[in-house]
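Below are structures written as structure tokens.
Both complexes below contain subunit A, partnered by subunit B and then by subunit C.
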Partner chain A sequence: MDQLEKRKARFVRGLVCSAETVLAELTESPDLPEGMGYFINIMKDVFVHQDKSLISTRLQRTDNQKLIGTYCIMVPEELIYAAGAIPVRLCGGSYEASSIGDELVPRDTCPVVKASVGFTSLGLISIYQICDAVIVPTTCDAKRKMGEELSKFTEVWMLEVPHIKDSEGARRQWLEHIKALKKDLEKLTGKKIRRKALQSSIRMIAGAQYEARRLYEIRKSAATVIMGREAMLALNAYSYDTALEWTKAMAGLNDELESRRDNGRVVADSNAPRVLIAGCPPIFPNWKIPSLIEEMGAVIVADESCMGSRYLYDPAGITEKSMRNMMAGIAARYLMPCVCPSFAPNEDRLYRLLQMVDEFKISGIIYHVLKGCVIYDFELIRVEKIMKEKNIPVLRIETDYSPEDIEQLRTRIEAFVEMLGTKMKKG
Partner chain B sequence: MKISRLRWTILIISFVVLIFGGLTGLYLGRFLPSFVCCYVDGHLRSGTCFLASLQSSLSYSSWESYKYLGEIFLYFSLLVILIGRAWCGWICPLGFLQDVLDLIRKKLHLGYLNFSEGIRAKLRCIKWIFLFVALLLPLWASFPAFAPSVAMEFRIPFCHLCPGKYILPMVTADFASVAVNYKNATTITLTILGLVFSALVIVGALMKRRFWCPYCPLGLLLSFYRKISFIKLKKDCQKCTMCEICYNVCPVEIQQVFKEREKEDVTFTDCTLCLKCVEYCPEDGALQATFLGKTIYKSTSKGFFRDKI
Partner chain C sequence: MEYYGGIDAGSTYIKVAIVDSNGGIQGCKVVSTGIDCRSTAKKVFGELCDEIGLSQSNVPAVISTGYGRKLIDIANENVTEIKAHAAGSLRTAPDGKRIGTIIDIGGQDSKVIIIDKDGETRNFAMNDKCAAGTGRFLEVLSRVLEVTVNDLGALSLQAKAPCRINSLCAVFAESEVISLLARGEDRANIIAGIHRSLAKRISGMAKRAGLESDVLLTGGGALNPGLVTAFEDELMMDIYVAENPQFNGAIGAALLGRNSNGGAAG
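Let's turn to the complex of A and B:
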């Protein structure tokens, strides 16, 4: 028993240390926008202080209010809010947690799943402890089996996601699953999801998306006013905040960034290579890749991560206020535009990447593969092919959450960024 | 919601002008690509539906009649080339009445019916059947080789089946045509079918958006011009995220717009150019309406979020 306690203490120390290191690195920058403070504090509350009451206060959780943990980006938050509960996203990014998870899942599993299982199994980090139910969409193999493993420790609801979006049958089935989820949520909270409540939660999420898209637009401009690692953290922080509060803070940050842009206050050289992070999501506190890229003098102007730019990008299209139309709009939002590689065929993702390369004037792509994520690695072949036609260099980086390979990665990324720089100079 | 409001305004004005404009002495012609039904009192309406003129000129086997047909066909074609099926989405009086019924449904917060792909595919033949009725039966009337007494009733056969014949005069408080014509077996059959279709359209339009439009033979005729029409719906396939919103907002449930991955022109047969898809598309410039190649209306992210937050 003592052994276990010691281990737990070591785990917490480790986690606090890695979270603090990343946050310190961000706060040390003289160019950090003031508006970022809010998002950094969220991460501090969750990973450093790990205090239940602090988190509950931040989420404005009343005594009996239910907290729903979610994984991936296919869980309709609109329904959770409309049922009077609060969603938090639990996909794990901690090296320490992934080492704990290492013993509970097969070795070849990706670190996201390892960390999520690790966090849940220890029951140490309050955000994982205070969830009343956890919703796991059946996306990739690892996430699907993860749901099964998590059910040993917590209440898990599986949400079946079709893997082929084109067929009408799959879409109809998905709508049925969403309707069933609505019933389950109503049962858990004891509150019926009414038309008006759903309407206002859709509006609320649309508000968050509007601000997320504003940030997206700001990052398109040639003048860099926020570093990618900061912007990605702000988006990641949405996982642990209420949509309403996050939207307010994001609006403030966007205002600040826009005034920076208008005043010509840039934070990076205008000749710095503009990099797109494709592939697996960097999840806080695994800020290894974003930090390295920007340390080497490049700017991450875009990412297609489900924890970053893609998290709050695609809105629900609601044309009328009938329950039927709203449910259909929500179902479509979470399935159709999603370009998670767990879908096949997933040609949409290639179009999305091409569009991003054009919109953000990308000079090179860092293709992030977390060890064990077969599906993102699979699509690399296609991504490399289309990017070759566009003459955009792609660097594949395969890694996990461990800090061991950091020097080796630094060398590779440095060489890549340098190559992008020379390529740009040549014109 | 600018474009919706504009569309409603134009629909209302067109309705008043087309159905009651005759009171001011206005007469636009007998070639209108729109349901300005010939059964509406001649003093009221300011024109005639092309489909009625087409059938009646086909049913007289005289040189004059064909010459006249050629003439109105030319005018009709010019009008359709000008704005394509925007006649359906922005001008048609029957379309307007369907939209009014749809608005009532919306205000009651009732959902709408969706037909599955399979059902839609099966129903696709209806408009062709109607078109063949409108083209072939009048020819039989003009050359009544057999059963001449029956053939004579087929001078304007589609009009008797058309819901416009029964619904539009009703709006002008004229109920004379809302009855079974007991003259003979043929007229009884035709008018009963017509009444059934009208009832279906009224009930259907309360449950499904633009219920009638996918079966309209006049609309089909208009859609033949979509490749050469000045107005086109265009898509930038790279910008499209396939979010399906355009399909969900489409009153005639066109799937191909979001599924299209190659062609730029996405003006499909059933499209009434209501431009709701453009209004609701959340991607900058993914969808646009063009007139002679010039963009007249474009989707924007800002426009999408304007009324939603």
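Let's turn to the complex of A and C:
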């Protein structure tokens, strides 16, 4: 076997091991909701079995149906579905893949980009292999340049996202880009996007968002019926499933959780500190921060992660069902409410965080900074300031996907949770 | 009279302390951690009890802290270093000083803890990954300079013009010190520069965490008067050294045991 093949085999072994470790931790819990099984299986198919036909079956992909990889949260899935294709989200969370990517991009690049480039370059993991095209929005510097690097290995479409969303010109421009994307999709699939199809895909995505919001409502309650590390995984699994199937499974999970709530079946102490994860997204299988927080006795009741609640929050507001109106509604939904720190000014994110602190009765914030993510780190200055006024402690954790710093992080997170506990006792 | 034990199982040394129910410090002891911190802790704690003339049954509560806290089987409970240091500062600060910030220079990490008037943690910061900013940084560099860590303080106070030394990496700092020596730079100036570099790094961390006066220095690093001066210069404020600075965590742990067992707070 030549060196490259050996390397690939080692990589696959490492990835399978990391993914299985996280999943085993989740399934070992006696409190794991039954409805979580579906989402755990999605992760197994993608990262453990890594089987093309398994994934295609799961996505109900017909023979010639196109699969579109997306990055970030600005690619309108409604258009992809309406064109008869299936979207999957490819932002990478694997330590092993980020180590491969380390050699292909500058050292100071964030691990999300490193892992995504690593995965794509190896051409190993089926979900990355089977995409017919990959759409990369121009969000932060690293993601933008990532698009160029990915194009060495796969078909990449860059999607230009304006960085100042309040300007009329930028909005008009964005609508034009979305219209151009629609044409490209039609060309790829050979299928014209019709009004009816778009209308039904808008309804389908809104359905997924409805179930995601139902989950947030359940997590607002003082009675904890699902751990944050589980809820976040269920949301993350949306990346690799069809909106329709995911929605069904999420509805089932929500029903189960509501009945738990009604029957007083709680899974955490009611005095446990309620933590919000802010900042960079934890992406499966990089589950170290969610695991550590809950291992230390806190409960993650909310996150603003672009893999979680930010992704599936705001539905497209459609007033008339004309093509023009629907296109404008979709364009607006992906730009205006989005509070990714690649936008400036981004005051809305601060309001959203303050709102979450109130609604979810947050005791403290863990601010996750992935090494190299300058923009989230930048906004920490403002977040710390407003949270100080609200007397909400914020702990900044800077880390990447490597497991080496777990011991230092454990001490830090434990001390933070201990501090929140003391603060709550004092009232 | 009842007695309470605190064990600070650090990365380099194990520190033990015993306080009485009035919060008075009865005794402290330190040994190298070695490879088996569980039995080392048991042994040194027994020795301290013997020295004070206590039987271990007179000690109703033992609290452990530090990296090895979960391994200490003779402890009834464990707390993080942050909490222990915060509690210790109430007792080890000079009389009349209300401590707002604790700076702890330990063997392998450094911490800044911002506390409220009850000694509860309000915020904290710890150094990331590298040895720069810790006691180990001083150990590494003292070896290059052929002095013991204990002599660093006195020597640095003789400096006329402290050198500027890299504060980000212990290995880079080491090669920098070697080239300064090769250029014939005065040793006192180099040592003062090392202290300044360490203080600068930790001060940055302290300011970010929300530095508040008064500042109490704890950990082995506080025994070094050169480092204390460097912190004063860097933070432009008075720095107080804890009584038994090396034992602050152990004393804090013992006091927490006392508080949760009915002893008067404070």
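Definition applied: the second predicted complex is superposed on the first by the 426 of 427 C-alpha atoms of A that agree within 3 Å, B and C clash if a C-alpha of one lies under 4 Å from a C-alpha of the other, contacts with A are read in each partner's own complex, and residues count from 1 in each chain.
Here is the rule we go by: a contact is a pair of C-beta atoms (placed from the backbone, for glycine too) under 8 Å apart; a residue touches a chain by one contact, two chains touch by 3 or more.
Please read these numbers as outputs of a predicted model, since none were measured by experiment.
*Asks:* As a test of reading the superposition: which chain, subunit B or subunit C, is in touch with more residues of subunit A?
*Replies:* B
*Asks:* In the overlaid three-chain picture, which partner chain does A:K426 touch, first (subunit B) or second (subunit C), both, or neither?
*Replies:* Second partner only.
*Asks:* Identify the partner contact of A:G252: answer first if only subunit B is touched, second if only subunit C is, both if each is, neither if none is.
*Replies:* neither
*Asks:* Could you look at A:E418 and tell me whether it touches subunit B, subunit C, both or neither (first, second, both, neither)?
*Replies:* Only subunit C is touched by A:E418; subunit B is not.
*Asks:* Mind sorting out which residues of subunit A both subunit B and subunit C touch, each in its own complex?
*Replies:* none
*Asks:* Where on subunit A is subunit C touching in the complex?
*Replies:* Going by the criterion above, the answer is residues 393, 398, 405, 407-408, 411-412, 414-416, 418-419, 422-423, 426.
*Asks:* Considering the complex alone, what residue numbers of subunit C touch subunit A?
*Replies:* Per the touch definition, subunit C meets subunit A at residues 67, 79-83, 109, 118, 120-124, 126, 128-129.
*Asks:* Can you tell me which positions in subunit A touch subunit B when the two form their complex?
*Replies:* Touch list, subunit A to subunit B: 165-166, 168, 171-172, 195, 202-203, 206-207, 209-210, 213, 314-315, 317-325, 328-329, 332-333, 336-337, 347-348, 351-352, 354-355, 358.
*Asks:* Quick check on the complex: what are the subunit B residues that touch subunit A?
*Replies:* It is residues 106, 109-112, 116-117, 237-245, 248-249, 258-259, 261, 276, 280, 282, 301, 304-305, 308-309 of subunit B that touch subunit A.
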